[in-house]
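The structures come next, written out as structure tokens.
Next, two complexes with subunit A in common: one pairs it with subunit B, the other with subunit C.
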Partner chain A sequence: MHFSKLVKKKNIVADLQGTEREGVLREMLARLRENGEMSEKDADQIFSGLMARERLGTTGIGRGIAIPHVRFDGLKDLLVAVGRSGPGVDYAAVDGGKVKVVFLVVTPAAKQDDYLAVLRYVSSIARDDYNNKLLMGAQTAKDFVEIFQDIEEND
Partner chain B sequence: MKVVIVGAGQVGFHIAERLSREGHDVSLIERDPEKATLMASQLNALVVQGTGASAESLDQVRIANTDLFIAVTDQDEVNLISCMLAKGEGVKRVISRIRNVEYAGRDWRDNAKKLGIDLLINPQRVVAEEICEVISYPAAADVAEFANGRVVFLGYKVPPDNPLAGITLRELGDLRGMYRLVVAALSRPNETIVPRGDDKIMPGDIVYFLCRKEDLAAINYLFGFEKRQTRTVMVLGGGRIGEAVTRELLARRLRVKVVERSAERCRYLAEHLPEVPVIHAEGTEIEVLKQEGLAETDVFVAVTDGDEQNILCSLLARNHGAKRVIALVSRPEYVSLAPGLGVDACISPRLATAAAILRFVRRGEVLSMAMVEECEAEVMEINLPARSSILGEPLRSVDMPRGSIIGAIVRGDEVIIPGGNDVLEAGDRAVVFTLPEAVTRVEKFFS
Partner chain C sequence: MNDGGVSRELILRNRHGLHVRPSGQFVTVANRFRAEVYVSVEDGEEGNGKSMLDLTARAAAGGARIRIRAVGPDAEEALAALCELVDSGFGED
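Moving on, here comes the complex of A and B:
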């Protein structure tokens, strides 16, 4: 899994302003739109899809991590964005804690295999004690890029 | 436990085989001499040729010391009389199968009580309930609920384009933070396995798993199993089972149409179920069925009295657009064959009846039980013993019998879908999946 190549540095929002789930998802989608990854209409649809998924059960998996994800056929390729909040986000996480790092994953249906692979990868690094600590300590987009590269090299 | 079974038909044979394999002392009474001889050679059981409704046969099986008496001949009256005789001889629990709805109508519980019968079992009713259960979980091949409905056991067929196809159990385990489920078994044409870390889910497998009911929507979302809602059902065969299924479905607020070949039966249905459209046709008259909306039907259920007819007509219906097809299949040989042909779920009256009887037999130590049609595996909800070496140990070091797995732990109000680090505590209940060959060892293990 070349996760570090999948996450473009410009799609990492290291200073999320929002304090709750909806706000930060909109914020991250706004960044993706500015970066030309999707149209405004796509972003709206993706937002609805993400929230529909959250209603089935939170993707705040605990230990400061959330992995909102959705299938969306309007994109050609799988897209991953990362968001970070210093004070933490109210995300209704399973452990009741605040979420500091958000991995947003959008997949076209044709890329099913990659989809599960990315979700697996992110949820396993997030649950690993050492990697979780690294992620919680990251401050800038550059920090995240280095962490992802490190994890891959040590894999 | 000493068990006496009257009638060596499909159900009688199945239960006799099952219970004797589990080490119970089983006797079988069968009227037909040829069948009795055959049974004697196939079963590890005392086989007596005679009728259950005679004192002589009952003497021969030493009825007085019997714990459980099961009458499953094809004659209701014989079943009822032998049960009454057995009860009179002091048998602790007696079970009778009743086909005729007049005996097994709404007030059947009262009737049973009056006759001293502990369980009256009506195959049509059992089958109708099972079919409706499967229908109420879109896309599932098998379903059962445990822990008062808080835990669900489901079997889904994995299509080639499903994200589950080709991944190992270990890989699936990486998702546990977000999607908590325990895969209990993978069923393939010639084998069913309780998979371990390196085992791979293959396209075409039926994957059986346990999860919390509240997590099911998210799990279905990820694996794309549940994309549609069931609204309309077409029932082929308006006999007793068809009628029972239709009534159950109406109670669940589904729109039902019944297709029936006999004009007389059509009139009966129209009179007794005025809100249901009844179509006078054969299951093979595809043009008629198409006019009646076959292509828009969510579920097509074939419950005529012919297995071949049910399998063929459901495949035909599927070819003409029915989204999901379910067939009633009696012959044991066909039950494992049908999924490979493209029938989404098979319901067998034999297995459904046997399962209902076994559920009753296991009452006490086992709180709830379900049987899996395709592989005859069981899922049981078990109270853990107060003292046991398995308590307090992380599950990864608990040596479960081969062919079994703990899928859920119920601790007071909490339901845990366990991983290797979870620990069993005194007072817990466990939902355990077990292949048929492991049932006895599982029961010993938890006693």
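Moving on, here comes the complex of A and C:
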């Protein structure tokens, strides 16, 4: 999948300030709103949906990565934002570790297959020792873009 | 294909497939047993059924055919419990 084309560089928040789940989700949605990806009303609704989903079970899938996600029909296409925390975020992840990279996914109902493709992609990176290390070492939005491009080229 | 132990093929009945939450439920049940558990989707490569990331990396879609294989002393019980979970639709829809 062309993940590097799916994630806009401006939607990568490389310096998350929050140290817990709720705060970083708010930060990432604030960026999406600033970038004109959604209205304030949509952002509020998406935030509520993301948190409701987290309460059903964490989306911290392990090895430093979380994939908070929500279905939302107010957007036409899948929207993906990436967040990165240097010290890591308390996320109640399945492996008990801190989360350093967050992939936030908003999925219109008709795009469920695209969401599953993103889930496969993110999980494959998380699982792969080499790619996981690259991701954990990324510090800037540019780093992330280059890593996503490299992974595609070597796929 | 590996064929040790006991295995069963079944169709994912829940609409949204083996995404994050069902994978978490699957791993939780699988880890209750000593048996090794393997999962493949549509005859693809087997993954570790006790690994969240192995399951989400496959992310089988709703309606997909999956194969669960269990190997070990309590393999029969593990397979039965996991098939029951899948057939229940993971409590969704």
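The rule is simple: the second predicted complex is superposed on the first by the 155 of 155 C-alpha atoms of A that agree within 3 Å, B and C clash if a C-alpha of one lies under 4 Å from a C-alpha of the other, contacts with A are read in each partner's own complex, and residues count from 1 in each chain.
Going forward, a residue touches a chain if its C-beta (ideal position, glycine included) is under 8 Å from a C-beta of that chain, and two chains touch if they have at least 3 such contacts.
Model, not experiment: these values are computed from the prediction.
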Subunit B versus subunit C on the shared subunit A, clash or fit? clash
In the overlay, answer first, second, both or neither for which of subunit B and subunit C A:Val99 touches. neither
On the A-aligned overlay, A:Val7 touches which partner chain: subunit B = first, subunit C = second, or both, or neither? neither
Which of subunit B and subunit C A:Ser124 touches, first, second, both or neither: both
For A:Val82, select first, second, both or neither according to whether it touches subunit B, subunit C, the two together, or no partner. neither
Can A:Gly62 be said to touch subunit B (first), subunit C (second), both, or neither? both
Once the shared chain is lined up, is A:Asp113 touching subunit B (first), subunit C (second), both, or neither of them? both
Taking the two structures together, which residues of subunit A meet both subunit B and subunit C? 56-57, 59, 61-62, 67, 112-113, 115-116, 119-120, 123-124, 126-127
Show which residues of subunit A lie in contact with subunit C when the two form their complex. 56-59, 61-63, 67, 69, 94-95, 112-113, 115-117, 119-120, 122-124, 126-127
Interface residues, subunit A side, partner subunit B - complex: 53, 56-57, 59, 61-62, 65, 67, 112-113, 115-116, 119-121, 123-124, 126-127
Which residues of subunit B touch subunit A once you look at their complex with the stated criterion? 161-164, 166-167, 171-172, 174-178, 214-215, 217-218, 221-222
Sites on subunit C touched by subunit A in the complex: 16-17, 19-21, 24-25, 27, 51-54, 56-59, 61
